[in-house]
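Note that chain A is present in both complexes that follow, paired respectively with chain B and with chain C.
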Partner chain A sequence: MTTASLPPATGSALLVHEAGLHARPCVKLTKLAKTFSARIEIAASNEGPWIDAKSIVKVMAVKIPKDTILHVRAIGADADAAVRALVGLVETDFEGLVA
Partner chain B sequence: MKSSDASARVGIVVVSHSPEVARGTADMVRQMVGDDVPLGWCGGNPDGGLGTSVEAILAAIDTAWSQAGVAILVDLGGAETNSEMAIEMLPDARRGKVVLVNAPVVEGAIMAATESWGGSSLDVVRATAEELAPT
Partner chain C sequence: MSLAARTLPPSEIRGAEYRGAEYRGRAASPGKVFGPLVIVRTAETRARTAGPPAAERVALERAVALASADLAALVAAADGDAADILEFQLALAGDTALTEAAFAAIADGVAADVAWAAALDAMIADYAQADDAYFRARAADLTDLRDRVTAVLTGAAAARSSLPENAILLADDLTPSRFLALDWIGRGIALMAGSPASHVAMLARARGVPMVVRLGPLPLSDGDRLLLDGEAGRLVPAITAEEARRLAAEAEDAAEALAINSAAATRPAVTADGDPVQILINVADPAELDGVDPAICEGVGLARTELIFDGASLRTLPDEARQLYAYRALLDWAGDRPVTIRTLDAGGDKPLPGYTVANETNSFLGLRGVRLSLRHRDVFRVQLRALLQAAVNGDLRILIPMVSVPAEMAEVRALVNDVARDLQAAGIPHRVPPVGMMVEVPAAALMLERFDTDFVSIGSNDLTQYVMAASRDCAELDALSDAGNPAVLALIKSVVTQAAACDIPVSLCGDAGGDPALTAKLLDTGLRSLSMAPVAIGGVKAAVAAYPGGKP
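Entry: the complex of A and B
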């Protein structure tokens, strides 16, 4: 988050997936994040800690439980679309992306 | 998506002493990451017992071959030494593009395949899976 001139695009969604952010949703979220050029971070709280949504190892390690509000922020050319897509993935209970 | 060309994605090879472990790990990669990442696996010795075989590893590398290179995940001892031997036996043009990854085989295969799917280089794919390695 070094681009100080632009505020990051932000969004949030309630994590309703049965087991929380477990292995398969982690892979889906990371894969989706990787389709955007923006720097994208997620957190279980507004105050962070923010973790790189494109890092499968970090996303997998964070173990966010069910009924957590997942926060998303992004900076870059496609930041708005990236936040919308990730929030949409969480809201649709990770059904939005094949495999 | 950085690339829709599967041949540009790093290939993943799973080598286990057990064919069931290797096949199961490959199934997890397929179901969790998808079919876009080149994937090969092998397990068991030629007699049908537990073990690994250089020939089977070479065949798995061939199955997973990609111009972007191939990352090999192994379970224990002989899987590692036989994979090193297989790499040594590759043609010159391929040898430098195949690496052994020091990571747990199941978790490492998923992490490496996810990173490969995103279009990362062989070095980045290996480094991502090795973030998991016990320190």
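Entry: the complex of A and C
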């Protein structure tokens, strides 16, 4: 981190995927996160715990159910773009955005 | 053929149950095979001498990379669900969170293969204990990845061995990538553990590979000749040459019937004199529909919901979201055709710990079906909430099992309306669909006109056992447990007549509906709608076409 004082980019989206954050959406989410250099974290609550969005092992382990508001935060050069992309992915129900 | 309903409840599965001359498990994919057993033991880790930590680290990195490349090639060649399953493993393999525990152990002097297996085993154990069946099933994906990397490390080869003709593979469990690496035409799968809800069961159904799971430990040897019956969920050993001939013939007949059936299944069901007959399918698990062509039927006549509750206890009942997901999957498959979903039919031979009553002296005459639903209204309400919400997505109908008196249907109606009011108040989209009843209790069959029901589905299995006073479970009573008995048929005819008088649709969804030998007798009663297992459709359609017609 360059400056600890720099506030992270944040965003949130309602998880509407029927089965919650299961294997297929997890694969898409972590794949997308890895395309950014920023450190990206997600959480099922404002207070955390915050999970590394680039680790499918960690994301799957949280077992986030449907109808959860997914919070995203990122720190780094492309943090804003990263948050926008991840929120967009969740909002579009994991359809079509990433191959 | 009532697949799930007739197999062993999970609480009873400890080891294989040896019933006379066969082992019982759970049906996972239909079809029959007779052939030699090929036993695959769980990957034995070959002893591997640990080098210095730095070398071990490189060995593991290399093995993971090789396994990933292998997976990527498989992903490229696969499609649909198979590709998704493999892609998940590929993503896991690329995650340092998975490997860091192994690398830490290696730094402490542990051999690469041992460190890797230990790291994965911890995670597999975690998944295997998850409350959610979906997460439990993912343990198999992790096992697959563990074995794939271990095989590279120990040089135990990515053994793409082929199976002998008509072989039945017996293993503790089977991983999706191992399944995809083998040619299964004419072969079958028997698993001591496993689950009908696993990825590999889904793949087996989609590719028409017969499969039985949860057989428990079996006293069998490599090369033993057996019949694998994926419809009844059983494994039958051939001891004598005579038995071998008989079982081989049974498998051949089944294969032949399957070929004829799949050809016959797509034509319309019309009697010889041009009277159309509605053909519907029975489903126990949305995953069963993977390999079924929707064109062969006019909808789902009976979707059982017991499997959604399978393995649950009162503490871990499936929530509304999980039920909604399963119901919507059925509606998605059916498109605009009707899907009749039966509410939880526990009790009798289908126990659910904490929900059904333990040790009933006569469980088939005890608390089961709607009797239990009305006793556990909190559980029933969750199911009704999910059903009313799913009803927005298609032509859903609710079917109530084991109704005996009109008051039960009146109570169900009141509950449905109450749930609809709650959903309305909460602003949740929903629709009150038609609510119908199973006719399986003679009291209901005799007095149908007095019931407030939108449609009727005759449950011929229970109706037969109650009319004949002959338990479905007693092999010695097979001659009595006959849906073709004139008394049973007379009662069915009476139900059809009463339903016509009340102008409500009537269908039949028991085993009799899928038995071509009974088709003519059922059509004689005036029935023109039958629901059955997808594999039975071809045979029944042929019997319908041969029916001379002339309404009774």
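To be clear about the criterion, the second predicted complex is superposed on the first by the 93 of 99 C-alpha atoms of A that agree within 3 Å, B and C clash if a C-alpha of one lies under 4 Å from a C-alpha of the other, contacts with A are read in each partner's own complex, and residues count from 1 in each chain.
We take it that contacts are C-beta pairs under 8 Å (C-beta built on N, C-alpha and C of every residue); 3 or more make two chains touch, one makes a residue touch a chain.
Note that this is a predicted model, so its numbers are computed, not measured.
Student: Using the overlay on chain A, decide if chain B and chain C clash or can fit next to each other.
Tutor: In the superposition, chain B runs into chain C.
Student: Looking at chain A, does chain C or chain B touch more of its residues?
Tutor: C
Student: Go through the superposed model and pick first if A:Leu14 touches only chain B, second if only chain C, both, or neither.
Tutor: neither
Student: Could you say whether A:Ala77 touches chain B, chain C, both of them, or neither, answering first, second, both or neither?
Tutor: neither
Student: Look at A:Thr35 in the shared chain and tell me whether it touches chain B only, chain C only, both, or neither; answer first, second, both or neither.
Tutor: first
Student: Look at A:Asp52 in the shared chain and tell me whether it touches chain B only, chain C only, both, or neither; answer first, second, both or neither.
Tutor: second
Student: Could you tell me if A:Lys66 is touching chain B, chain C, both of them or neither one (first, second, both, neither)?
Tutor: second
Student: Starting from the residues of chain A touching chain B, keep only those that also touch chain C in the other complex, and list them.
Tutor: Residues 23-24, 27, 30-31, 55-57, 60 of chain A touch both chain B and chain C.
Student: Could you pull out which chain A residues touch chain B in their complex?
Tutor: 23-24, 27, 30-31, 34-35, 54-57, 60, 98-99
Student: Provide the residue numbers of chain B that touch chain A in the complex, in ascending order.
Tutor: 1-2, 30-35, 110-111, 114-115, 117-119, 128, 131-132
Student: Of all residues in chain A, which touch chain C in the complex?
Tutor: It is residues 18-20, 22-24, 26-27, 30-31, 52, 55-58, 60-61, 63, 65-67 of chain A that touch chain C.
Student: Please output the residues of chain C touching chain A within their complex, sorted ascending.
Tutor: 84-85, 87-88, 91-92, 95-98, 123, 126, 130, 132, 134-135, 138, 141, 321, 324-325, 328
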